[in-house]
Amino acid sequence: MSAVTEVLQQVVEGIGSGAVYASLALALVLIHRFTGIVNFAQGELAMISTYVAWQLVSSGMSFWLALPVTLAVSFVGGMLVERIVIRPVRNSPELTTVIVTVGLFIFVNAMAGLIWSFTVKDFPQPFPDGGIDLAGVRVDWSTLGIIVVVAVVMGLLYLLFQHTSAGLVMRAAACNPASARLSGIRVGRVLMLGWGLAATVGAVSGVLVAPVLFLEPNMMGGVLIYAFAAATLGGFDSPVGAVVGGVVVGVAETLAGAYVGVIGADLKVGVPLVIILAVLLVRPQGLFGRAAVERA
Amino acid sequence: MSEPTTTAPTEAGASAEPDFLKVSGLHAGYGQARVLQGLDFTVARGEVCAILGPNGAGKTTTMRALSGMVRGQGSVTLNGTELLGRSPEQAARLGVAHVPEGRGTFNDLTVEENLRVGAHVRTGRWRRGRAERAVVAADLERIYDYFPKLRDRSRQTAGSLSGGEQQMLAIGRALMLRPSLLLLDEPSLGLAPLVTRELFEIVRAVNEEERTTVVVVEQNAQLALDVAHRAHVLEAGRLVLSGPAAEIREDGQVAEVYLGVSVRAGKNG
Amino acid sequence: MRTILTTLGTGRARSLRAALTALLAAAVAVGAPFYFAPFQVFQLTMVLLYAVALAGLNLLVGFGGQISLGHGAFFAAGAYTAAVMLDRYDSAHLATLPVAAAGCFLLGLGFGVPALRLRGLYLALVTLSFAVFLPPLLKRLEPVTGGSMGLTVDKLQPPAWSGLAEDQWMYLVVLAVTAVALLLARNLLRSRVGRALLALRDDESAAEVMGVRLSLHKTLAFAWSAMFAGVAGCLYTWVIGFVSPDSFSFVLSITLLAGLVVGGLASLYGPLLGAAFVMYVPSVAQDVSDAAPGVVFGLLIIAVMFVAPTGLAGLAGRARDAATRRLTRTAPAAGRTPEPAPTTAPAADPAPADAEPVGAPPRTEKE
C-alpha cells in the first residue's frame, strides 16, 4: 500500500467519523440558531434515543423499522424538553441556561443508567460486513452507510428549510422572534419544533455511532466534544458550517492519530480542544458564521 | 385591503364606522413603570391616525399594547373584538400588523421571503394550494408596485438593504398580512428626509387604495399631520389633545406647545 | 432619627451576633473530630476540601459570571502536583501546598489569557474539552504520573506530640487550610478585585467605562479560582493518599459546578453547603442505585435554576431576612408603645418607617 493510498484510507475513515460529528454538530447548531442556547445535553439526548432504538431492536424489530420509530420518538422528546425544561428559563441569562442544560446532561445520563444500567451493550451493525475497493482504498459498507445516512438527513433538512413554507417560518422565527410574532408566527411552537428537529438529527448520530463505540450511558460524552469542535469550526449559527466542520474535525482526528506520534490513539481527544482554542482565538465566528463572538 | 363590502370613505371622519378601533381606559407599562395612564380614543375605519408627543409620552407603548407586545388594562376593540390580553401572534391573526420601531425585518431572509412570511397567517403553514399561491403571488406584485425598489432587490437578503429599503420592506411585509389595522412606529427613524417623504406618500397611497386603517407614531409631527386625517397628542401617558389633523396643524398654539416640544425632544432621541 | 438609631443598634447587635455565631461555629468545627466516628470525620474532611474548590469556582462563576466546566482539571493538577512531589522527591506534605497553589495559579493565568477573549459560553466549551483531555494526558505521562495505575503516596500523618488519630489530625489540618481559604475568598471579594469582578459580571462595558481594568481582573479571577481548586486537589492527595486519572474525569468538573449551583452561586457560604451536597448526596443516594446521585443532582440543578437561582444559601438567606424583618418589625413597635406619642409623630408614621426595611431586602435580592 502506497503512502498516498494510506493517507486516503485515513481520510475515508475520518469522513466516516466526521459524518457522525457533523450530525451532532448540526443538532447543536439548530438549537443555537433557534434559541441562542448551546445545549450541553445534546449528546445525552442522542444517547437516550439510541437506547430507544436498542430497546426496539432487541425486542425483535428490524433496524430499518426501529430507526424511523426512534426518530419520531426523539422528535417528540426534543419538543417536550424544550417545553418543560428550556421554556421556563428562556429569558434568563446565559449562565442560567448553560447550567440548566448541564443539569439536563447529568439527569439524562443518570436516567439512562437507572433504566438500562451502566453495563455496555452491543448495538447491532445495520450495514453489511465487507466493503468496496476504490483504487486501493478500502471503504467499508458501514462507513459508506454512515456517510449516506447523514447526507440524506442533511438533504432533507435543506429541503425543509429552503423549500417549504414551514421551513421559511422557522427561519424567520430564528432570525427575529419579535417580528415573527408580529407576523402571526407562533414562535413558541417553532422553538419546540426546532428542539424536536435537533433531537432527531442528534439521534441519527447516536444510532450510527453506537455499533462502533458500544452502547452505554457515557457513550456520547466524547462525541459531544468533537461536535462542539465541529460547530465552533463551522460557526455556531451555520448548518453548512456544522457539516463541513464535522468532516474536517473527523479527518483531522484520524490523521493526527495516525501520523502525529505524540498524539497517537489515546490523545486524539486533544484534537478538538486544539481546534476549539485555535478557532476561537483566530476566527471566533467560525468558518461560515457571520455573527462574531462577543469579545471582551 | 379590507373586503370591498362597504362604501369607501374618502374623507376623514366620513367613515360609517367611527369606532372601528376603540381604545378605552388603556393603562400599560413595563414592570413598575406605568407608562399609559388611561387613554381613550377611537379610530374610524379607513382613517390615518397620527399619535404625536414628546419622547417618553407613551406613543410606542400605545402601539405595543395594541399589538399585544405589552400587557394592558382597560379595553381595546377592533371591529368589536377585544384585543387586550392577546399575544402578538393572536393580534396578527386578527388583522393587526405592527411595524415596530427599528423596522424588524428578517435580515437573513431574502426580500421576497420576508414578504412571504408576512402572508404566512393567510396561507397557513401546511396548506399551499394552487389558489393560495396565486393569491400570494398577486399580493407580492401589489407590494412591488408600491415599492418598486423591493422588486429590484427581491433576491437580496434583507440585511443588505439600506435603512429606507428595510423600512419599506417592513411595511410591505405588514401589508402582506392584508391587515385591517396597520401600526407604524416611527417609520422615519434614522432615515433621510427625502426617503421619509417618499415613505409617507406610499402610506397615503396604501391608505387610499386599500382603505387600510393606519395608526402612525411619529416624531416628525409636520410630516405625520400631512398624511393623517386625525391626530392625538400624548403627554406623560395621557391624551392632551385630539382633533382633525388639519386643525391641529393650523393651530399655532398647539404647534408651539406640543409639537414644538416634540421636535426639541426628538433631538435627544 | 429614631430609625437611624435603631439601624445602628441592630447593626451593632448583628455584628455581635455574627461574632458569637462564628465563635460557636468554630468551636463546633474544631470539636467535631472528637465526637464523630473516624469514617464520619473523613467525610467531613472531604466536605471541607470540596468547599475550598467550590469557593474558587464561586469566584469565577458566581462573582465573575464566567462559566468553567473544567475546574476538575485544576483540582487534578493540584492533586498530581502534591502526589508527584511526595512520590518522587519525598517532600514534606506542607511543602506541597504552596507549590500546588502557585502552580495552579500560573496554570489559571495561562488559561485566563485565552479566556479573556471568550464569552462565557465558549469558555465553557474550552474548559470542558480541557477537562475531557486531561485524564488521557495524565495516562500518557506515565513516567511521572504513574499512568492509569496512578500514584499511591503517604497520607498526612499526625505528629507524635499531638496524640491525635490520623483522621482527626487530617481533619484539623484541612479545617485550618479551609478556614484560611474561605477567609481569603471573602476578603478577595471585599477588596477592589471583588468589587471589580461584580461590576464586570453585572455590566461589562459599563465597568470598563468606569475604569475597571477588564482584562487584568478577568485573568486574575481565573487564576485565583484555579488556585483554590489546586489547593483543594492538594488536600485531596493528603487525605486520600492516592491519585489516578480516572478520579478526575470530567464528571468531577460537572459535579463541582452542580454542587456550587445547588449550594448557591455568589454566596459566601454557598460553597460549604454545596460541598456537603457533593459529598453526601452520592453516598446517600448510591444505596438506591448507581444512577441515583445523578438523577438527584440533575433534577436539583434544574429545579434550583427554576425556583431559586441563588441556591440553598439564597433560600437560607431569604428565610433569615424574613426572620430578621419580623424581628425588627416587632422590636421598634415594642419600644414605641410605652413612649408617649411625640407631638410631631402622627399615628400613621410608624407604618412607612417599617415599610422601608420590609420592601428593601427583596429589591436587592432580585438583582
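Before moving on, here are some points about what is shown:
In order of appearance the chains are A, B and C, and numbering begins at 1 in each one.
Assume a contact is a pair of C-beta atoms (placed from the backbone, for glycine too) under 8 Å apart; a residue touches a chain by one contact, two chains touch by 3 or more.
In UniProt terms, the chains line up like this: C = Urea ABC transporter, permease UrtC.
Since we're looking at a predicted model, the values are computed, not measured.
Judged by the touch criterion defined above, the protein chains link up one after another in an open path, with no loop closing it. In this assembly, C is the chain whose CA centroid lies farthest from the centroid of chain B.
Of all chains shown, A has the CA centroid lying nearest to the centroid of every protein CA atom. Averaging C-alpha coordinates per chain places the centre of chain A 43 Å away from that of chain B. Per-chain Cα centroids separate chain A from chain C by 35 Å. In whole angstrom, the spacing between the mean C-alpha positions of chain B and chain C is 54. Those residues of chain C whose C-beta lies close enough to touch chain A in the complex are 61, 65, 67, 69, 114, 116-122, 124-126, 128-130, 132-133, 136-137, 139-140, 204, 214-215, 218, 250, 254, 257-258, 261, 289-295, 297-302, 305-306, 309.
Within the complex, the chain A residues that touch chain B are 165-166, 168-169, 171-172, 174-176, 178-187. Residue ranges of chain A in contact with chain C, taken from their complex: 38, 40, 85, 88-89, 92, 94-96, 98-100, 102-114, 118, 217, 221-222, 225, 228-229, 232, 266-267, 269-270, 272-273, 276-277, 280-281, 284, 293-296. The residues of chain B lying in touch with chain A in their complex are 67, 69, 87-89, 92-93, 97-98, 100, 104-109, 113-114, 116-118, 120-121, 123, 125-126, 128, 170, 173-174, 177.
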